[in-house]
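Should a chain be cited, it is by its letter among A, B, C and D, assigned in written order, with residues numbered from 1 in that chain.
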Amino acid sequence: MTSSQSRDSLLRTDLFGRTLTSPLILASGILGTTKSLLKRLGEIGAGAVTIKSISVAPRAGHPNPTVLSFGPGMINAVGYSNPGLKKACEEYADLSDVACPVIGSLIGTKAEEFAQVAAAFSLLDFAAIEIPISCPHTPGYGKLARQDTPEAVLEILSIVSGETDKPLFIKVPAAAQNLSELVDASDQGGAAGITAVNTIGPGMLINIDARRPYLGFGIGGVSGPALKPLAVSATYAINEQAPHLPIIGTGGVMNGRDAIELIMAGATGVGMGTAVLDRGIEAFAVIADEMAEWMRDNDISNLNEIRGAAHAK
Amino acid sequence: MTSSQSRDSLLRTDLFGRTLTSPLILASGILGTTKSLLKRLGEIGAGAVTIKSISVAPRAGHPNPTVLSFGPGMINAVGYSNPGLKKACEEYADLSDVACPVIGSLIGTKAEEFAQVAAAFSLLDFAAIEIPISCPHTPGYGKLARQDTPEAVLEILSIVSGETDKPLFIKVPAAAQNLSELVDASDQGGAAGITAVNTIGPGMLINIDARRPYLGFGIGGVSGPALKPLAVSATYAINEQAPHLPIIGTGGVMNGRDAIELIMAGATGVGMGTAVLDRGIEAFAVIADEMAEWMRDNDISNLNEIRGAAHAK
Amino acid sequence: MRNDLPVMCSILKRVEYGATAASLTIQYPCQFQPGQFIMAWIPGVDEKPFSISRHNPTAGTIELTVKRLGPVSAHIADLTVGDRVGIRGPYGNPFNPQADCVIVSGGVGLAAVAPLMEMFPNAPALYGENSSTQIMLADRFPRMRIFTMDGSAGEKGFPTDPLPEILAARKPKVVYTCGPEVMMAKVARICHDAGVAGQISLERYMKCAVGVCGQCCMDGERVCVDGPVFDSERLLKGKDFAFRGLDKSGTWVYKAQPE
Amino acid sequence: MRNDLPVMCSILKRVEYGATAASLTIQYPCQFQPGQFIMAWIPGVDEKPFSISRHNPTAGTIELTVKRLGPVSAHIADLTVGDRVGIRGPYGNPFNPQADCVIVSGGVGLAAVAPLMEMFPNAPALYGENSSTQIMLADRFPRMRIFTMDGSAGEKGFPTDPLPEILAARKPKVVYTCGPEVMMAKVARICHDAGVAGQISLERYMKCAVGVCGQCCMDGERVCVDGPVFDSERLLKGKDFAFRGLDKSGTWVYKAQPE
């Protein structure tokens, strides 16, 4: 019977109080610059989409090159370019024609900024808000501003939840030495879930003929296949520690097997970014098909049957 | 004139008071299990070789699979298998027939162990001693025992330098949030240099058909091309912070250009492990040839001319 | 995944066009189809997209034709023989080349259609600049019709002026165009009215050039991989063409409206 | 770098040999040369090297022949049709196959030379076990000469007993051997005395199987990639053959000396 089940019924996923048609979620910073792109991704079949992170003031970001593919993955230092809160609120004022839930991504350098973005986002039709505390290459934010401590997470969560009732996801760094403390802080601070992981960094690649780092900013974060083991490991550890917290496992998912791998590690949603480079924008449909095919071949009728399956019993 | 310079004269490198015929150094844990292998690597042309890390008591290590190649790199959780200090001292009692300097790698779980290994190593013909505080997958050691803090580094250095006058290298983790503190502590503690970096982790890969992590230990560390950006970035940052400390840049070097890249980031020596998989054990000769060729093509007659060349002026 | 890092390439030749522009021949063996572009990197400065204006597969060279508009383009246009520039690519969805065509370009848009003009030397080629000092590639394409707004060279007026007439007379299969978006909008409407297909090469601010960053978005398409060449009918149906594009920060910048 | 992760493969067939051993036919399409081995993984338990005792490229199958010696081999020998086992490989430097040969095996060493025995059915094949209950692959190789120490099957004695005589009579180009190291040391010396080349397949404790971990070292060579097949003359010149090998921790374990 299972073998004829439709893709949607196989992949249906409950997350932040919504039912997604697929666990595959566009990760923040990839394509999420305009509503028209979100709309296209929704039509292709993304389970949900995350917008590119928004700060109060507009940011031009780092000079180019900002995104490069180097073989084992991509390295990027976009530097949180974004049009600022005001323009973002105009862009995302009406999300009714985006076919899937939209996640707002919120960044700030200090308390007032977090509060301001959270308050404005609260009025938009975002299904959830994601807070990256983990960017390895933007001064003032994430790791470079030591937002990746349990104290900072508690503070940010308390500010943000003072402004909005939307479900909050903390986006944690890869290979974090203090991951369990960050998860505890997220949990205590009332986060609805965890996104694991951001790019790993700081990373640098040098063009030896130019005698210069390739990236305009010098350092950046690594995504894609190189990152997958760190995403799987973080997802596994978080799920082991806090099984009640849904996880958007993110990092290096390039095909259906990778997505199932993160779900077996304990993820509920599966974030994808770099896959768009290798598999095209249709990745959200193609990889969903691959997942469904594996599930049919293995007589799985629902992702809940295999979620966390890799955990030692 | 430079264009006919011999490989040895191009690549000659001063490190820990010795002159190496090449900056290419066998990284710890790869092949360094027996004197016969060190001897072979010396004959092939390694600039120096590092033994597999040694603890006081023998360790069987983690169950297999312990080392797997997954595309963007290797993932390993060997678990510091080693014959223990007594057998190691027998194996390395006479290093006179190893053609290049040998670096002893020393691990411990507590003060007495560090002291004991250091005292015994002090009597052997090691050119330097490397202390990894950064393994991401062996309980009791490195990151899992929080040896990657400035306090721990200072303590370990003070114990070890109480037992030996040999030059000490602290081997730091990849993508360490506290890298600059670790470098300060190494410097204050009297380290002769830094090895940057160890594998990045914890990482995990799951076989979805088996519904189990591939590695016997579940989690491991990632080496090879996936790691290179983190090695380059760490080397660059350490060189920027403490230009007087020689660095053995290690991570993802697979060809001559990669080795030059680490030198331009500021490395003096270049560690190699995973390259042995892709380029064979002859990698230490082949990659040295590639370096020399690039140097001749670019009219470089000595590595000092390009060391740190990528740093913004 | 592919390794797609910029490679430092030598400038082999340099031709100047007055004070405004230059063509650079660069050693960079690659596969190329007309309409594609590369990313050119000046280490420590910036990296921007430029069309390949000529491809010599035998010599392993490409040519860029660069107009000085700001610091990056000026830096590139100033490169001299022996200098090196970082190149990655080619990228983008090319023109679909058909011999029975008309080619219309304005300003440095000429660079993008030059390989088509070489491929189809008998097709009518219309090219416009503000004035005679800006004219490029005239030696290479002696038969192209040059238009200047001030009449200082060629015919006075816009390259779009004779287009309706040419379409009516020749009924070509397709019109290729690259240039200022107001001009291309005009071409699109003329094609629409004449019932001729148009292929339009767009410019947007680009960062990744590989379809990942979302910077070059228009109407939910990515100019870098879904374009830069689009069907004119498709563009007329959308709302961003000749209307707006994202700047570096991702803010919409509204274009001068076509009159 | 290659992706070389173990793939879960189904057991298609199982043949038992008394209580001690079994042959398993496994779905695993691959390239193979006689003498190579794979790593077999029981998830959650361990992973160990096993020779490919038969290769069917058309069916996309390999066969392992496994003797129950400890927990891992027992687990694998107990797998039944429909079970899955993780496989990566094949690995290692194969035999150099020459028809004019003699093949000598002892115990489960038979697995490593079985593909050669299939390739050269007319070559003398000598195979030894302690007793009749341990005999494997007898149906597949009805012409092989079986030796048992207790004389319970075949000829009483060691498979090396008739070797000097056979070499003297046939003057073959090469002797292939796999089995207990004391036996192979005997073969090496007999070959040396007869002036015949020997190719010896060694076993050492392996972890990575790809030449990286240094676990399988002998005389500065890695049994997994430089071997497992070595020239007998090279082994006689070294000092570790039939003398010592590293255990799991990297400690030398000294072997029973050849008498």
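Everything that follows uses one rule, which is that a contact is a pair of C-beta atoms (placed from the backbone, for glycine too) under 8 Å apart; a residue touches a chain by one contact, two chains touch by 3 or more.
All figures in this text were calculated on a predicted structure; none of them were measured in a lab.
Number of steps on the shortest path from chain A to chain D, with steps defined by chain touch: 2. When the partners of chain A are compared with those of chain B, no chain appears in both lists. Comparing mean CA positions across the assembly, the chain most remote from chain C is D.
Measuring from the averaged C-alpha position of chain B to that of chain D gives a distance of 36 Å. Averaging Cα coordinates per chain places chain B and chain C 50 Å apart.
Between the CA-based centres of chain C and chain D the separation comes to 65 Å, rounded to the whole angstrom. Contact of a single residue of chain D with at least two other chains is seen at positions 44.
Multi-chain contact residues, meaning those touching two or more other chains, occur in chain A at positions 70-73, 205, 209, 211-212, 224-225, 312.
Taken as a graph of touching chains, this assembly is arranged as a line, each chain contacting the next along an open chain of partners. Per the contact rule defined earlier, chains pair up in contact as A-B, A-C, B-D. Residue ranges on chain A touching chain B, taken from their complex, read 70-73, 75, 136, 143, 146, 148, 173-177, 200-206, 208-209, 211-213, 218-220, 222, 224-230, 232-233, 236-237, 257, 260-261, 264-265, 294, 298, 306, 309-310, 312. Listing the residues of chain B that touch chain D in their complex gives 29-34, 36-37, 39-40, 52, 58-61, 63-74, 76, 78, 81-84, 87, 91, 205, 207, 209-212, 214, 216, 224-225, 254, 273-274, 276-278, 280-281.
Contact residues on chain D toward chain B in their complex (touch as defined above): 1-8, 39, 41, 43-48, 84, 86, 88, 207-208, 210-215, 217-222, 240, 246, 248-252.
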